[in-house]
Amino acid sequence: MKIAIYPGTFDPITNGHIDVLNKASIVFDKIYLAVADHTGKQSMFSLNERVNLCKLSLKDHEKIIVTKFKGLSVDFAMKVGATVMIRGLRAVSDFEYELSLALMNKNLCDELETMFFVPNSKYLYLSSTMIRQVVSLGGKVLDYIPKCVETAIKKKLKGVENE
Amino acid sequence: MKIAIYPGTFDPITNGHIDVLNKASIVFDKIYLAVADHTGKQSMFSLNERVNLCKLSLKDHEKIIVTKFKGLSVDFAMKVGATVMIRGLRAVSDFEYELSLALMNKNLCDELETMFFVPNSKYLYLSSTMIRQVVSLGGKVLDYIPKCVETAIKKKLKGVENE
Amino acid sequence: MKIAIYPGTFDPITNGHIDVLNKASIVFDKIYLAVADHTGKQSMFSLNERVNLCKLSLKDHEKIIVTKFKGLSVDFAMKVGATVMIRGLRAVSDFEYELSLALMNKNLCDELETMFFVPNSKYLYLSSTMIRQVVSLGGKVLDYIPKCVETAIKKKLKGVENE
Amino acid sequence: MKIAIYPGTFDPITNGHIDVLNKASIVFDKIYLAVADHTGKQSMFSLNERVNLCKLSLKDHEKIIVTKFKGLSVDFAMKVGATVMIRGLRAVSDFEYELSLALMNKNLCDELETMFFVPNSKYLYLSSTMIRQVVSLGGKVLDYIPKCVETAIKKKLKGVENE
Amino acid sequence: MKIAIYPGTFDPITNGHIDVLNKASIVFDKIYLAVADHTGKQSMFSLNERVNLCKLSLKDHEKIIVTKFKGLSVDFAMKVGATVMIRGLRAVSDFEYELSLALMNKNLCDELETMFFVPNSKYLYLSSTMIRQVVSLGGKVLDYIPKCVETAIKKKLKGVENE
Amino acid sequence: MKIAIYPGTFDPITNGHIDVLNKASIVFDKIYLAVADHTGKQSMFSLNERVNLCKLSLKDHEKIIVTKFKGLSVDFAMKVGATVMIRGLRAVSDFEYELSLALMNKNLCDELETMFFVPNSKYLYLSSTMIRQVVSLGGKVLDYIPKCVETAIKKKLKGVENE
């Protein structure tokens, strides 16, 4: 059985992430969407909120298991028996960061390979950061996020807790 | 069974290509290394020479089938039942060309996905063009190419036909 | 009256070019689509064929005048009274070339400014080179080129002269 | 009448911004220099200080109206009847961010086009961030900023409020 | 006597930095490794800790003088009689930042030139930021840092002060 | 004595090259400007013409020795006792090519280091290719090339042999 992990902060999950997962589903039997505890910055959604939004958005994907993790993504990959780490590639700036990450991860864990997917051209320059920025200024981004994420953002902006 | 193609001109095959194939072997049951007929430029080796050097370099890889092809790589992929096209990613300039190719191929054939691998840092900036250039000026590149390719290049420079 | 030129080789014109022209039409009263005599490489279509395909593709755009030119684009711009040169921006590699061109043109002619437009995300990585390459290998690219260009390419591949 | 907006944080305005405005003035009848309320980070100057420095620096430009705005720049553009958003392009990293912004803005508001200008080579790598950094370490940057901005920075470093 | 400075935050010093210093040692008689007081962000190690780790890591390099500095690096260079500033170049994103810095420094001090070195391919994508990130998540990076830095990080993570 | 080589095709030499040489002169006692025999493409000037234009342009630089070379630049460097190879860095696309070259050269010859200089912002995007292109279309580029190169190009365009 071919197992992969797809780690990230998913703050929040976008249609670009789902597009990458759909592409990866062709190859893998099981994919752990691994939501990182730490985000390195102030997140819009809490860890549990982020996990729940991923679960809701992907509830019909049988191959995908949404889970949280702590520590290094390579350690989590080993724990669940994954041999591949999936990453989406968008822009050039993205690419260099991903390259350095892939090389570091290879150094940390030789048994794990990184595989990259390019999303649909519609999502090529889409990022969670951009989504948060536009939404916080009142913009509509429904083409770029699942329905449940839209609802969660609206609640969040009104100060309602998402569970 | 998971089948992929790895198309290219392989003029000649380098250790960077072989590194990408090794990484891809983790995921796929069969990989067609597809040597393109056209190279878009004057090639150092003929199509048959390029195919033979790939076969020699990869003779111990059971999952890999070396073959030549004509026309669009997506058409060849469909013919052999591949669902994924494998590509190596090196530098930023590479990345943009690969991105445009992946988007065009997606447009030409919706059932085929492109998957990218980053080679070992040692091969990050390695290209067949660089190999040909250095060798033609008398440089040694043995760390970067299989033994049989080295022999073939030496013969080629002495004007001996490789078969 | 605000006049611009949009110089290029247009070998052949694509929907990406037309998208840029549509965007520029918001600002300018007259736009000279200036087809360069020299292409710096072997062109697929002759100068007259390229001009004719542009005329056919843009026959309903009242603001656009298709014309050929020789020499420097800045000299042509001065001749027709243009104050702005329009350029499309696609990828990063594109950007740097365009940047060096804009700086050189500014040096050659201080009265002319360069203005850049980004095409629709669908055409972001589209180029005439890619079109020629895919078509010559038998691929279909109808989403990316006007109908008349498609017909011309088909004729061209059958060896029929386009007029 | 052709109206454009030129949104930004202008913290502080530099000669690079003014260069872009001069270039854009060739094409537009009215340009709203729109100073964003939010800066996404701790700003050196307050919103009012930033607006005032822009006004002082541009007081002889009849076509330019300095104003502050809140929310999305596309909404502000619609409010003032602008059909074009002006942006300066400096480096490659800049370019990708600007590209993603232009695509998002197109999605948010189909009637607004983004137009890019490249500043004079002298200002190619100039940014407000660099100016703030150098000045805070005691460096002189008079070639890169208007006289009034220089004075304001000096006051600011002495702890005097700018009004 | 040829004197250079190599400024940075060195939080902490990595084998990539040491590789650059080794290369620069071929050309210069004396190199000031200048540890910047300000880091622009929350640093992992204090200024004194950073200086001490540099000293320990480079104690056998006779040409290198480790020192702290405040203010502009160009001013420090002038003070110690350096005519060249040394910088390492890694990725493309790095390159643009370094380019803007070199141009600004040239403007601040015409007598100082910037010289760039590319580290060994093993360290091409190595950064102090990546080191801090991986270590804080429990990863091992011994290939990339001197032994004394490893010890210091371990102490730091246990809450022990490094002196 | 510190010796460097500055290899290239110099077809023709530009003010950007001379700027790089001036910067390098601060550090080195002797610099071999090494004009490559092969250009990899059709050159505008013959090898002897290129050497002569370099000699004329640099006749007052005592530290610089203009010479032609054949084969690998690292071999030439060893022959003349150089420990450093000088290269100019302009744009990002340049940077990646230079990076791959520096890594390959390090592999070919471990005793030689590559050192990069960034030219004055005026010459940042200047290239011999751009010069040839503009001149062949009738443009004036006197700010970018030495007087003797200008004369040589004019002669060349009239069909007169340069010696």
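We just call them A, B, C, D, E and F in the order they show up, numbering each chain from 1.
As a working rule, a residue touches a chain if its C-beta (ideal position, glycine included) is under 8 Å from a C-beta of that chain, and two chains touch if they have at least 3 such contacts.
From a predicted model like this one, the values you see are computed outputs, not experimental measurements.
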item	value
Other chains in touch with both chain E and chain F	B, D
C-D, A-D or D-F - pair sharing over half of the E-F contact pairs	C-D
Chain whose mean Cα position lies farthest from chain A	F
Whole-Å separation of chain centres (CA-atom averages), chain D against chain E	34
Centre-to-centre distance between chain E and chain C (centres being mean Cα positions), rounded to whole Å	47
Contacts with 2+ other chains: residues of chain D	92-93, 96, 99, 103, 121, 124-125
Which chain pairs touch, all of them	A-B, A-C, A-D, A-E, B-C, B-E, B-F, C-D, C-F, D-E, D-F, E-F
Interfacial residue positions of chain C with respect to chain A in the complex	92, 121-122, 124-125
Complex contact set, residues of chain B against chain C	38, 40, 71-72, 74-75, 92-93, 96-97, 99-100, 103-104, 107-108
List of chain B residues in touch with chain F within their complex	91-93, 125-127, 130, 133-134, 137-141, 143-144
Complex contact set, residues of chain F against chain E	2, 23, 26-28, 83-84, 89, 92, 95-96, 99, 102-103, 106, 113-118, 120-121, 124
